[in-house]
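As structure tokens, here come the structures.
Two complexes follow with chain A in common, the first pairing it with chain B and the second with chain C.
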Partner chain A sequence: MSPEGRKAKKMRKMGKKLKIVALLLLICLPMLMQAGCGARELNELVIVMGIGMDTDTENPDNIKLVAQIVLPNNIGQSSSAGGSSGSSEKAYCNVESAAENTFEAIREYTHKVCNKLYIAHNQVFVIGREVAERGIADYLDFFIRAKETRPTTTIVIADTTAAEILDVEAKMNLLPAINVNKLIEAQAENSQSREINVQDYVSTMQSETTSFVAPMIHILQEGENQFLSIKGMAVFKEDKMTGELDEDETRGFLWIKGWIESGVINITAGDQQVATEIVSAKTELSAEIKDGEIIMNIKITEDGVIATQTGTVNLATLMGIGEIEALVKEEILNELTLALKKAKELNADIFGFGEVLHQHYSKEWEGIREDWDTVFSKVKVNIEIETNISGAGIITEPALSEE
Partner chain B sequence: MFGYIKKIRRYLSTKNQPDSKKEPKKAAAKLSLFGSLDKNLALFKEYLGESSDVIVKEFRLGGDARTRGALLMIDGLVNNEIVDLAILKPLMYDTGFKLKTDSGALDIDSISKGFLSSHEVNKLSAVGEMLHDVLSGNTVLLVDGAKEALSVGTRKWEKRGIESPQTETVVRGPREGFTETLRINTSLLRRKIKNPNLRLEALKVGRQTKTDVCIVYIKDIVKPGLVEEIKIRMAEIKTDSILDSGYIEAYIEDAPYSIFSTVGNSERPDTIAGRLLEGHAAIIVDGSPFVLTVPMVFIESFQTAEDYYIRPYYATSLRAIRLFCYFITILAPALYVALTTFHQELIPTQLLFTMTAGLSGVPFPALVEALIMVVMFDILKEAGVRLPKPIGSAVSIVGALVIGQSAVTAGLIGPFMIIVVSITAIANFVVPAQSDSISLLRYFFLILAGLLGGFGITAGALFVLVYLVSLKSFGVQYLSPITPLSRQGMKDCFVRMPLWSMIKRPFMMTGKNNIRREPLDVSRRQKGEKDA
Partner chain C sequence: MNGNNEKIKPSQLMVLFIGFINGSVLLLSLVDSSMKQDTWLVIISGYIVSVPFILTYIFLSKKFPGKNLTEINDIIFGKALGKIISICYIIFFILLFSYNYRQIVEFYSGYILSDTPQIILYITIALLCAYAVKKGIAAIAKVSMYTVAFAVFVVMLTFILLIGNMDFSNFMPVFEATPEDFIHSTYTMACIPYCEVICFLMVMPYLSSGKKLGRYAIAGTGIAMLFFLVIIIQVTTTLGPSSAIFSEGSFQSVRLIDIGEFLTRMELLVALGITASMFIKISVFKFAAVKSVSHLLRMKTYTPLLLPMAAIGIVTALIAYGSTIENAENANYHIVFALPFEFIIPPLSLLVAKIRKLPKKAGESVP
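Right after this comes the complex of A and B.
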């Protein structure tokens, strides 16, 4: 073999060695990197389904948390027990903890339950009214930072305390926290409140002008039974709750945001009641500055069908539909006006007008941004609504018809 | 550490080399026969010893019965009828026998031409040749006074007939499989490929066993240089025995240390014929129904003969299922462990509750739990393979009980682990060609998942992928046609395109003659229908 050949062979051998070393490193390095965070066995997890936030009555400086912890072994049992809730054990327990800050409060739990809380499956943050009025940012910061929190976890503001909400037994074998979450999700069907999650919270807080809005949850007492009900939305100025929107105002707010997915619009045509269903809706929002005056253009296109009507007169005629469309338009306009009025009253830019203006007039925005709070209530709004009734279900005339 | 490895490797390589000192003398091969029958017989007995199956039949030739002769054969390897009727009878009873030429010398050719009614008669002069012929079932005729012997083809022994193969059964397609006999196997191939270019090159391997090995290829189609390379590697085999084609595989592999096989095998003549026509070469080993093919590519393990006999859409879906099962059987236990110990957030919430409830009271971490079940499965599998059939059912009953509900009720493992192991076990049998590497990879990934979770699985998968890419089989990339990518090759990879669209042979195999089909023209048929 020539010397060059031998050299080449030696080089190949060295290359092989290097390869092996590289492979060993490839295997060992990640092991070292991972060594810090160990594995957790499934049956050692303390699974948290909902976290409530309240003020501590004993020490007002403290933060108080309520964690809804699942007891998986009882889940199957309570379902077989059916209605007789007395015999079956609860599938959850609510554990409270109070400390100076959220992280400490979360860690405090290790004094009460056998492991760290596992919040990756947390469904909902329920914020008590008092906390909401005092400011929610301090409470939520830890959870936004923690890698376990999902950005899709919903945020809901309790009319009472969070602990009470999380204690309302759900029907249909759901855990209270899951029940709350499902209730919020169902709001898309009537568009009188809306699901707001951690992601929404973060992006709203990053905006200089937009106010945060979150759904409100109430407890309804019916005899011995307690029910939860989502109605309206809480309006925040910065991170403090300053007011509430009722159902109609919320609908108006959702129209402007373009967040309407479905819902009922009631109108009275002559002496007949008609309920129309919103099938689809589209909102276009644009800003305009004319002669130093800020004008927001809102253009709404709504498409609906007749869901039900009273009386015997067939309304699904050309004339009838034209009339219904006009009335629906009037109703939407009414909702919009209510929402705008309330927002100006609270001086909270819940619609994100500031952001739209910023996008359209970035130069002028520099002058406006400082005193947006005073400008907002003077913003003129230009509303254009187009409604369309595209159907009347699978019948046209009512079954009991005059003709 | 590398020093050690080197030492061990050097030791291993020297071990395989033949020990020249112990080599028996090759005298027999060169030694020529004597003119005297007695001397020849003595020599024959000296070499063969007193084996009970050796038959030496002495007799007198011709009508005058003056010349002595002897027949040498091995009982059980020869056809008795031919020996008695085609050799002994004419030699003993035919009169007018002229043994000697006019010059007085013994004429062995006249016996061959005039009296032996057999089509296969050879003249021998060396003792070695004689011994070999006798041992391979021929009958050797020695005549007193002749320095040459006649070898008559009388081979016949008990052998298994052509049966349907045990391993690669098909629903649609030929049902014949290779047998242990080399000649039958070559005839099966000849019947499939009636082409003068089908070449069968015979070799003998194994110092003690002298096993017949046959390299089969189609001249013009085979990958250029492949046959030469096989011959070089075959010549490097220095061993005393070849008992199965697995022995040859171990010697000619590109990566002898690998857990992946780089030599393919099949029990089906149609599969082998198909591979020959793609440019592979086959190696048939006498005594083994498994015929080797080289080069082998990874994707071959996912192709079956039946893929080409059924419609392409279904064949493609079957390939997808096989690939899916390959990943499932390797990764299912690892994914279960990774999910339950590292990534619980990926489990749907409701499922998490039931899994947690099922695991309550299970004392082991998920990794141990999975290891118990995977080992249990391997034990059951092994027990089932080796056991005689009547006892086999007992194993499956006990296995079903142990693996099944009892392990859960006893609190040893969680109920979900059983589902995982069942899926793993069933998927395991979908890709039989890779079954040996599958079991090893399963443990590899399981342990990685237990230590590092999904990160470990990803790192392990990359490691295996890099390794697979680096593998070669007789100069062909193991992962081709995926990498290096080839358009023609992809027509028969994840997707099995219609046969008429696979116009060229896979590029990695072929030489100049790579067009195997003409494109199909269907325009006439459609027109014909319209006219009618």
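Right after this comes the complex of A and C.
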């Protein structure tokens, strides 16, 4: 082999080596940048499961945040102790921080806990009543802007202060925040309140007319024990809470929104009590403008089963079912009326009537949108309800029957 | 050994078109912020506007088979003017790939690697694309097959998982945007994702055959449009009017996925899809840029240009604008800047070629 040939071979070999080195570098670079920069070690994370918002009693201009921080070391202990209360065994601690704005308050925590708060796992925002009445937009802005916040984080309005809610010991779950979140989720079974999350808040605020609603949480005192209970919903005008819907009004509201998933409807047929379970429900909402009058058409189709009855007269007959269907219809109508009345009283378009009108009458909407507040209370509502009882469980008549 | 001169098939070009246009998916939220629920209309109208222009590019390359954009400019406009136009195009290509550097880096540092110094991200993406371009357009075309497949998978998966969150009444009322907004957004759509395929005029000489080229190009752009449509349907139905305020609608909507508290945090998949598509886009731009420079300087190979070009791209990207807020504004200037390169010079070239009766048959000398 000539010297040139050998040289060329050597060069080629070197080229190959260089290539491998370059390739390795290319693979290593992304790894380096992922691990090296801004990595947070698990044992140093300050994991926040719930955030409460209250007003600061000392300085009314300030916001007070309550962060529920997980104490991972105590998780094993408290579960082995059967969840018995003892402050040293709690799997969480609530730390408060007050500052002029949310971000400052969040950063204030570094004075109290050993690292920045890690809010990516935050489950719930509990907003104290006072804050809700003063306006929530300024406080939520930070969390919506922060990329760590999940848009599916739930929002709940406390009847008292958020700090109290987050301090109620959970019986079923280790952490109060998770307890609150699970409670909210369970509301779908009863349809007397509903889960509302950050994305719902953002969407509602984008609408000019729709009012925001969020579930209310209360503390029930039973002797020594405290329980949390979610019932009804808070109604907002823009970002300020102006009123409350009770259970029946909430149900009516959920009927109109088409958000009913399940629930119990109680009726009295003669001297007999019947409870029916809602199996499925569908709502069609449409708008109509007739002779300058705005009419909202609500069409509800409900499907239910008899869950229980009192008395000995079998109601699971064609006659009985017909009667029950009519009574259920009446009950639903009653709930709707209550909700509509309350909404008009508060002058809050919680149903999104304005948006429906906007979607179908976008030209006429231009003239209406400005004074929707006054128009809303004059909107006529056409209600059409269809109920159907499709079953009565696994028996055909009550065990203690007349015959 | 060196894949630089490997040929690609027209069908591969179609896939490359899809991958390339998909790389502009981040742009959708820009259009979305002014069009809201009418964005889907703009995606379609932008495509319709683009079709004749894309056909012009294809026709131009068919008229001068085996010639790339710089050579075509030389033939049509003469040596001197042709060179000037080619230099303008080079600047255009460099700007395009550096904007895209900037965009992908900002996406990464905004959503995923927020504490990583941006320069690390710039260097990584620049080296990666330089490596791809070194391997040649055929290699990029092959990779694009996988990135497109991956993107289809991600889009379909997230779409299916989000069906429960969708509310189709969010599309109402149709046509609420003002005509000015509509025209502006249509033009933006035509200018940025679709007609940026002008840089494929540098790729055309690598085609193994020119058969049905127009059909493949239009189909590729059309499939990319369908892609955009699926994404925007997902965004509009899940986020509703709020999609306008999120800087990355497609990303935000996927964050809503929460199925049984188990299937959640799928956004990384979307980020990977966006990365893959943008990689193809930047690589093609970079290929066009280095290829035209090497032609201009009469170099045998463009390999020595790759790293200097990456450096130029990074610096341009860093000084292009000050903030993400300025970026949105910048896009409005960019579409004016791109006007001659995408919509004026190519048809003009065809016209001049027609008047000068080009291309001349062999033997005749160009005056």
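The working rule: the second predicted complex is superposed on the first by the 360 of 403 C-alpha atoms of A that agree within 3 Å, B and C clash if a C-alpha of one lies under 4 Å from a C-alpha of the other, contacts with A are read in each partner's own complex, and residues count from 1 in each chain.
To be clear about the criterion, a contact is a pair of C-beta atoms (placed from the backbone, for glycine too) under 8 Å apart; a residue touches a chain by one contact, two chains touch by 3 or more.
Since we're looking at a predicted model, the values are computed, not measured.
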Please work out whether A:K380 is in contact with chain B alone, chain C alone, both, or neither, and reply first, second, both or neither.
neither
Handout entry: chain B versus chain C as contact partner of A:L26, first or second or both or neither
Key = both
If you stack the two complexes on chain A, which partner ends up touching A:K10: first (chain B), second (chain C), both, or neither?
neither
Is A:V70 touching anything from chain B or chain C once the two structures are fitted on A? First, second, both or neither. first
Now for A:Q199: first (chain B), second (chain C), both, or neither, which partner does it touch? second
(message) Just checking: does A:K282 make contact with chain B only, chain C only, both, or neither of them? Give me first, second, both or neither.
(response) neither
The intersection of the chain A residues contacting chain B with those contacting chain C is 26, 30, 34, 150
Listed in rising order, chain A residues that touch chain B in their complex are 17, 20, 23, 26-27, 30-31, 34, 39-43, 45, 47, 49, 70, 72-73, 75-76, 118, 120-121, 123, 148, 150, 178
Residue positions on chain B within touch of chain A in the complex are 2, 340-342, 344-345, 349, 352-357, 359-362, 365-366, 450-453, 455-456, 459, 462-463
Seen from chain A, its contact residues with chain C in the complex are 22, 26, 29-30, 32-34, 36-38, 147, 150-152, 199, 202-203, 205-207, 356, 358-360, 362, 365
Seen from chain C, its contact residues with chain A in the complex are 110-111, 113-117, 120-121, 123-124, 127-128, 131, 169, 172-173, 176, 239-242, 244-245, 252, 255-256, 258, 264
